[in-house]
Structures are given as structure tokens and as C-alpha cells.
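The following blocks contain the structures, represented as C-alpha cells.
Paired with subunit B in one complex and with subunit C in the other, subunit A is shared by the two complexes that follow.
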Partner chain A sequence: MAALNNGRRRRPRVTTHGAFLALAIPIIVGLVGSRLSPYGLNDTSVGEAFSKPSFSHPFGTDQIGRDVFTRVLAAIPINLTVALVAVTIPFVVGTVIGAIIGVTPSRWVRSTVETVLESVAALPLTLFALAVVAIVGPGLTGLIGAVIVTNWARYARISSAAATKLRTIEYVEAARLLGYSWPRILVRHVVPNSFREALAYAYNDLVVVMLLVASLSFLGLGVVPPTPELGAMIRDGRLFLGKAPWLTLLPGGTIVVLSVLITRVSIKQSDPNRVV
Partner chain B sequence: MSDVVDPVVVVRNLTVSVPHDSGSIAVLDGAELTVNSGSRLGLVGESGSGKSMLCRAILGTLHRHDARVSGGTIHIQGRDASFFNDSDWHRLRGTVLGYVSQASLAGLNPTLTVRRHLVHAARAVMALDTRSAERCALEAIEMVELPRANRILDEYPSQLSGGMRQRVVIASALLQRPKLLVADEPTTALDVTVQKSIMDLLVRLTTSLGMSLVLVTHDLALVEEYTNEVVVLYAGATVEAGRTGDVLNDPRHPYTQALQSSRLRLGDKKLTSGMWLPGAPPQPGEWPQGCRFTPRCPHAQDVCSSGGQPRLEAVLSVRRTACIRSEEVFGT
Partner chain C sequence: MDTTDGLPADTCTEPLPTPPKSGSAAARWLLGRLGRSILVIFSLVTVVFLLLRLAPGDPAIRALGSETNPEALAAMRERMGLNGPLLDQYKAFIADLLRFDLGKSLLSSQSINAIVAFYLPTTLWLLAVTFGFSLTVAIPLGLLLGTWRNRRGVRALRYLLASSLGVPAFFSGLVLILVFGLQLEWLPVGGYERDFPSNLKYLVLPALASAGVLVPIISSVVATAVSETIRSEFVENALTRNVRGNRLYLNYYLRPSLAPVIALIGYMIGQSFAAAVVTEIVFDVPGIGSALFSAILSRDYPIVQGVVLVVGAGIVLSNFVADLANAALDPRFRQWQR
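Take a look at the complex of A and B:
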């Protein structure tokens, strides 16, 4: 998210750094950790199947003897990156469209786009994602695509509310009277002053989207095996819940920890008076 | 400069209407205004009397409220504004017409530095390279007497105080040395000491740049101290106009008289009748027949409520009033 901040306001830059770190650290730990691990992601060892958590296998091993800790570490960057992409794209698209309909002088454009927004916002996300994945087949592309198609409308509504307030504000009117082009007014005056609410929502959305990705993978619609992904790992482990509960509990716990972490960051980010 | 009396702006019997339901209602009807070169004119009236609309009409920015001029004339430097298109207005703004907004916070984009504001504004209207635009910005900042001009150029509006922000807004209005500065309640959001320094600055600038000033306000004390002419608006019409001292000390319209006597003065022990004006100003669209002040006027007679709003008539050579009974009520 740091790239979205134009670096012009001092306080938000600090908090955005904090938020960026909170996301970057688990990603780096996951990437580096899974490389350093003595076990490969897909190294099987049937003799060691269903080992309990121990020093050599902190999260135990699964039904074909793969080291669960290594796979969880590798899954963290995948889950977070997918969530980040599936939040960033609709955030950018939605914020710009919202800014446009917020300040456009044309009532026709405004009411048309708003009608589209209403219709898109009415789509139930999970169901729609299921439908898209059913059509394009399991995989991340369909999953991310479905999230983008449904979520940009929410961002557009939030930022259009903020931008509407700017329509009559004097610096925007002055820019118009100076003869600036609409794109320039949008980029310089409207978007920088109307994206903050949408950004706060994006931080909260990150958790929702991360959970959605995990749940769709749990349903078998997200990543394709053997790519490590937390939801898919839970799905694989659920068959052995009685025999080897660590196969579901530890990836599940990882999701919980990540969600709490992101929520903490999003609360701080949404609080304008807080400096992380 | 002040002995040159060719007017910068002349507004005659102006009607401005805004769309309302299927038709339209007039928010100004019978507004008169003459701004002489080098003069400082106070434009006073209650909220809703049309002060801001009159300013917008002069500046050609009525479109924000979908309002339009539906009668009367505006002449800017002798040219009839009804023939102006967008690019004519564009050329006039900045070079002839300058505007200082009411809320200094809303005038500046919180995400841009002072330097960017001024450089953008300078380059938008003049063909300048970056360096001369920067020099222009620095000159403007120095002109409004901000200390440490170089530091301030790199600060954001949130780092400036209200008075400093208002000075920046004035600086950007002055980039091209306009002939007329319209200041719509420039000191409303500021406390009185800052108000005084801003007003003193505006007076110094009008003198040194040979600029005229239209000061919109409902503060008669400001008008009395800082202007030499005054125009009183009531319900969309000019009811009295003249030199500030004359109008305030010896009003020739019952509304001006009521405004003047409703001011509290040091030493007033208690409110006496005549210190307030009963009733409220009529809303646009609900203006009464005849003189619009009739329902609240202590001197009203039957003759006042027939016909339309009286036009401004000359009394006492340099004064003009819209009261038909002026001579009976106030003598000659």
C-alpha cells in the first residue's frame, strides 16, 4: 500500500509504513523460512507420515510425510499476496471510478454508473466466486478475477461519497476555472483528497478477502495442488482430524494469527490520530 | 489612482435566477453596483440577501449553482459581460478579476504545498517556464507579508495558521495583479486580531497596486473602518448605495437605518426597542409585493406595498436609495 501513498502527507506516510511492514514481515519470513528449511515443499517420506509435532518437524508431517511447517511458511506469502492483489486492483479501479462519478457535472454519467454500482454491489461475493471458478476452472486467476469484479463497486461508492463533497469545494472549482483538464483535476485534486476512506476499507477488506481465498481453496476452488495454500492444507488434513489434528489446527491457527495481525494494522490505519 | 473614476465593474438592475422545481426563482432582482477604479467597496446584507450571488455574477462563476443572469447588465471595464464566452471569462479572471474565498481552508488543497498552489496557478494563466513561475510565487508570498517566504513555500496548508492560509489565498489571487479583488467574507473564520492584520494588508495592497476591492461582509464595523463606499443589499435588491461615511452616519433607507441602529455600542446598558429589527428577511420566491422591506419597515405605508421593488434613485447628489418615502422619512 505504500506505493499508493503519494508521500506528500507526513503522518499517513508513517502509518502506511507500519502497515506495509506488518504485511511484509510475514511474507519475507515465509519466503526465507521455507527456503532455509531442510525439507523441500514436496519431499515425501512415507515412513514419517503423521509424525506428531517435534523438534525436527515443529508442525508435524502430513499423510505422505511432507513437513507441515515448511509448507505453512511457503503458504503465508501465497495467501497474503493473493489477498493483496485481490484488494489492490479493485481499490485502485474503484477509487478512480468513484472520484469520477463524484465530481462529474453530467447527471447522466453519474446515474448510469451508480446503477451499475448498485447492481454489482448486489452480487453475493462467495456465490459469484463459485460461479466464476465453475466456469474458468479452479485456479487463482478465476478467484482473483471474481473478487475484482465484485469488490471495485464498494470502493467506488465509498470514494464517490468523499469526492462528492469535493465537487463544490473551492480548490476544485478554482482548478476548473483555471481551465485544467478533467484528468488533471482528478489526479491532483480529487483522488488525493478522497481515497482515504476507501483505503481504510481496503485494510479491513484484506482480512475478508484473505479468508475468502482460504475458504474457496478449502472448497477446492482456489489453488491447484500441490501448491501450498492454507485453506487447501486444512482441506487435505480434515480427513485425518481425529488421527492427526495438527494437520488442520496449525494451518488454521496460522490463518487466525495473520487475520489478527492485519486487523490490528487496519484498526490503526483507520484511526486518523494514531501514529504507528 | 483613486481620482480616476472610470468604473471597473458596473452592474445595472441585475436579475439572477436559479432553477427550482420546473421553473426558476430569482435570487437577485434589482441589484445595482458600481465599483470605481481604486475604490474599496463594502457589500453588506443579511444571509440570503444575494451578496455571494452578486459576486459570482461579477466573476462569471454562477454555473456552480446552475444560476444564470436573466435580466439587467454587467459591464466589466466597459464591456458587456452578456457577450462573454468561457475563454473571455478565463482571460479576465486573474488579470482583471481576483477572488478571495470565504473559508481559507477550502481554498487550498491539503495535499499540495504552497509552492505548488502558486506555481500551478501562475502557469495555468501565464505562459511561464518553471523558474519564472517560482519567482512569481515568491514575489506573491512576499507581497502578502508572510515571513520566511522560502520556508512557507514548501509547507502544506495544514502547517499554516488560518491567517497565513488566508494570506496564501490572497497571494494566489494577486499573481497577475488584478484590477479588482472580490473578497467574500475574507475574515469570517479568523479572530479579530488576525482580522485586523488581514484587512490592513488588503488596504495596503489595494493602494500599492491601484486595485479596487469589493469586501463582502455582514460586519458593519469592518465596512466603516476599511471601505470608502458601501452597497446595502436586501432580498436580492440594492436598497442603498453611497460613500461609507454618509450611508452609515445618515442612512436614507429604513433598512440601512435599522441595520445601523441594531449595532451594539460600548456603553449600551440594555436593549431598547429600535435596536433590533422584527421579523426575518424573506426567502427568495417569497418576496412581497412592492418594496420588499415593507413588512418589516417601521415607516411603511399603503403606497409602499404596491408595484414592484423601487429602483435606486439619487438623493443628495452622491447618494442613491431605493426607498420611495426617503425624503418624507429622512428629510432632504
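Take a look at the complex of A and C:
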């Protein structure tokens, strides 16, 4: 990964094909694969319970004879979509709010809002998610809500820092002098030029949020069975760890593969020179 | 989990500022930091307070379950401090917290201060073993990564470390249980003893599981710092004076690179506090995370509130100490000089 590209400094670039590789392909493979599978998601056959991985059941079967491979395939789009939703909403909300704050002329307003943003962003995500789920009850609503409530402020901080630099830049001044309305300046000029750093953070966040959702489902506080979800599958499989380790290892390995894929994309997004 | 939050990674590349002009700027910076920490704790308190009261449904009914009579419900509302206007409830809530009174459990009527005091030492032990292990592995590893950046083996190691960030701690925990507990039978698969030397064997596997996230982060910070140090003039100078071997690696490469690590430990302790909830449950370690989890399942809201506040305060405190350490050790972090 060279730092210099024909003498020009490499900017963080939106690698759409990378995002496609890490997100769209697994989702499509999961959706199509689980439909094509000869086994239904909840087809039980007690006679075949705990069969080891074999040609007819590549990932084995679970305690009530469900085909684990089919369930893992069906779980991939669920895990990724939940993480995508829980990252996209705070990303969009936070970036727009941050852009507005960044170009606000009043220094007093800016510093007040920035203090608020800082204290919201400092809420520890895992702990906050546990507290919300404790009160609202297990399920995705509380979990995604908790992620949105804390994370929008992180995006807002990043994009307001980028937008502040734009405030005095010529094309924004020019747009203002031309008498364009401020929503137009914001949408056409400020947001498109200040969201890249936030996007790089969002890729990183995708892994964090995906692991958070899987962890809470593993604790029984996120996605509730019988919905196929990787964390919840590990929660079930854990009871048979000694007898049927594939019930834990294969869904867990799937999580690892997914997050490594996303991590690769996110590293390309951010600093190409960083050491790890 | 959210282990990469709040790291001041971008501040590492700032140019060296001029020497301090006066002590009062430093004092103002310190007060500002302190005020901000208090603000964060305050907002956590407020959010937890509002969450219980504004979430749809009556919290007293949720705490009691479905089979209730009006008297029990009224008594429960009284015990949970749900009577009267919201503002008065809030004042009473804050007043109790200022007296360091976290309230009483709904189920056992035990004081939450006692519950926290009982479970917290176990979690602190877990954190101590986790960090002891992570640092002994990560610092030499970071030195290796930073010194020989471009060797093929080192690159492969780098790749491996970056990938290990994507392994959730509950999964690596289960793999460790499977290998070392069930297959090799070297270590217990879970449980705990509260006495000092015998508790360690229960903490080894949980510490290893948490280290899977900590080692890559710490070693990458060490590696970045070392690779910057290597390019500095005093190292070149030492090389021309023919300084070699351990003295070169330890005194010239490693020692000037450790300041960011000390600060990082502060941030990481905060994150590990929250991550410990999951690890403790996987390994059945009766720490504060297990206490939180069983309180969540039994809808014992005062315990949830108390533990969230204690852990949140721990996180804020360790971040604050990290900022202080940063400022004391590394002049590049002294923001009052900018």
C-alpha cells in the first residue's frame, strides 16, 4: 500500500466494489442459498438430530435435526441488515446534523452543541444498550434504538469537524453570494464534501455494531429464536459444546468471516499507511 | 466490543507545540476535563432515569409481572420512587446518588451498595489479569511490528491481528472452553473461587478471550509509536554511536514510545469494563457483569440502574485518568498549549 500515487496524496475513496464484496455478496448468497436449500429453516427431524457435518448436511444438524447450513445462510442477511440499519440511520442523521452545526456562524451555538455531542458520544455503547434492553425488554427495537441514540453524536462530531473547514471555502461563499437558500447550500455543497470521514468511521462501526448485535442475541437479549441469527444460534449451540461443537464453531466462524471482510474494506477506506 | 471508541488517534500526528507559558492554563484545562467528565456521568444518570419512566408501559407492572393487585402495585410504585411529579422524582434520585446511596433491590431488598461491593472485586481481578496478560504480549509484539514493518512474516502477523479484532469475545471464549476446558481439560470451564491464588485458574480463559481484542489494539499503537521513534534523530545518533542489542531496542526504540500506551490503557480499561459483562457470563464468573445480567432477566430495575451507573462512572473515571496521564507524559497531548 504505497502512500504516494503518482505523486498525489491518496484520499479516502468510496470503494463501492469493496462494499459490494463485503455486504451485498454475502446478503445475496445468504438469501438465494437458503431458498435453494432442500431443507426448510424450521424443518425438524428428530431422527437426524446432532448429525455431524457431512455431504448432505455441510454444517451438521442441531438438537432438533434442523439443517445448520441452511440456517446460517438465512442468518447472514439478517445479521448484516440489522447492522446496516443500525449504522445507516445514525450515520445519515448525525452527518446532516454535524454539517449544519459545522456551518453555523454563531460560535456560541457551536460550542454548546459540541459539548452536548461530546457527552452523548461518551456514553458507553455496550453498557447503554444493555440498560435500554433491560428496561424496554429484549428485542431488536431497543437494541437498534440504543445504537442510534448514542452513535449519531459520534457521526455528528466527525462531520461537523469536516464542515467547519468548509465554512470559509470559496465555493460555499460563492453559493452564499449567489443567494442560494441555506438548505440548498447544505445539501448540494456542504454534506457531499464533509461525509467521507464519517463514512470511513461507519465502515468501522459496522463491525462493532454487528458484533454488538450478535453478542446481545447470544445473551438472549437481541434477536429472539426461532429467527435464524448467528449469535442466537451460538446461544443454543453452546449448551451442546462438548457433544456437538459444530453448532457453536460454524455460526461463530461465519461471524468472524463477515467481520474480517468488512474490516478489510474499512482499512482501505481509512488510512492506507496505518500499521495494523 | 466497541473497543475502538474515543481513541485520540489523530492527535498523534500533531506537530510539537511550544513550551507552556503558565500554570493557570493547565489548571483551566484540568477543570474543563473534570467538568466534562461530570457532565458525562450526569447525562448517563439522566438518561437512565428517563428511560425507566418514559419507556412505554408502567415500569411497576413490568417489575411485578402480570399477576398483580392494586395494593402491591402501589407499594411497588412507592419502592421504585415512581410517585409524584417527574421533577420531584428526579430530585430525589439525584439526592440519593449524591449520598452514594444506590437504593435497594426489588426482589431481595438487599442494598445495592452491598451488591456492588460484593461483585466488583471479582470484576477488578478479571480486569487485572486481562491487562497483565495483554500487556506482556502486546508490548513486545508491538516492538516487533514497529521495528520490522515490511518483513513478510510480520505482515502476515499484522493481518492476523487485524482479523482478530473481528472475533467476538463470546465466541473466542467458547472456543477456549472447548479446547482448554473440554478437550485438554487443563483449566476449569467456568465458575470462580474468591481466594487469591486459587481464583487465578478461573480467570485465565476469560482473560485470554478479552485479550483477543486488546492485544491487536495495544500492539498497533505501540507499533505506530515505535515506527515513528525509529525515524527520529536521537535514534540515528545512537546508531552512529554503535548502540546495539537490548539497549537499542529497549531504551531507544521502546521507552520513548510508551507514553501513548499508558494513556491507551486508561481508555481500554473503560471499554473492558463493559465488555466484561459478556465475558463473565460466558465463563460463569460472578462479577458485576453477571450481576447486571441476572438483574436484567429478573427485571430488578434498581440493580440495573446501580450497576450501569457504577460501571459508567468507572469508564468515565478511567478516561479522565487517561487524559491526565496523556498530558503528563506526552507534550503533544497538552491541549491547553494549542
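Just so we're on the same page, the second predicted complex is superposed on the first by the 252 of 276 C-alpha atoms of A that agree within 3 Å, B and C clash if a C-alpha of one lies under 4 Å from a C-alpha of the other, contacts with A are read in each partner's own complex, and residues count from 1 in each chain.
Heads up, the rule we're going with is that a contact is a pair of C-beta atoms (placed from the backbone, for glycine too) under 8 Å apart; a residue touches a chain by one contact, two chains touch by 3 or more.
Bear in mind that the values here come from a model prediction, so they are computed numbers and not experimental data.
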Q: Give one of first, second, both or neither to describe whether A:Y171 is in contact with subunit B, with subunit C, with both, or with none.
A: first
Q. What is the contact status of A:N193 with respect to subunit B (first) and subunit C (second): first, second, both, or neither?
A. first
(Q) By the touch definition at the top of the document, which applies to A:L249: first (subunit B), second (subunit C), both, or neither? (A) second
Q: Could you look at A:Y180 and tell me whether it touches subunit B, subunit C, both or neither (first, second, both, neither)?
A: first
**Q.** Broader residue contact with subunit A after superposition on the shared chain, subunit B or subunit C
**A.** C
Q: Could you look at A:L211 and tell me whether it touches subunit B, subunit C, both or neither (first, second, both, neither)?
A: second
**Q.** First, second, both or neither for A:R107, with subunit B first and subunit C second
**A.** neither
Q: May I ask you to decide whether A:A122 touches subunit B, subunit C, both, or neither, giving the answer as first, second, both or neither?
A: second
Q: Could you tell me which stretches of subunit A are touched by subunit B in one complex and by subunit C in the other?
A: none
Q | Partner subunit A, residues of subunit C touching it in the complex | A | 1-6, 36, 39-40, 42-44, 47-48, 51-52, 55-56, 59, 62, 145-146, 149, 158, 161-163, 165-171, 174-175, 177-178, 182, 216, 219-220, 223-224, 227, 270-271, 273-275, 277-278, 281, 292-293, 295-296, 299, 301, 304-305, 308, 311-312, 315-316, 319
Q | subunit C-facing residues of subunit A, complex | A | 115, 118-128, 130-137, 149, 154, 204, 207-208, 211-212, 214-215, 218-219, 221, 231, 234, 238, 241-242, 245, 248-249, 252, 255-256, 258-260, 262-263, 267, 274-276
Q. Considering the complex alone, what residue numbers of subunit B touch subunit A?
A. 61, 64, 90, 93, 101, 103, 106-113, 120-121, 124-125, 156
Q: Over in the complex, which subunit A residues touch subunit B? Could you list them?
A: 6, 8-9, 168-171, 173-174, 177-180, 188-189, 192-193
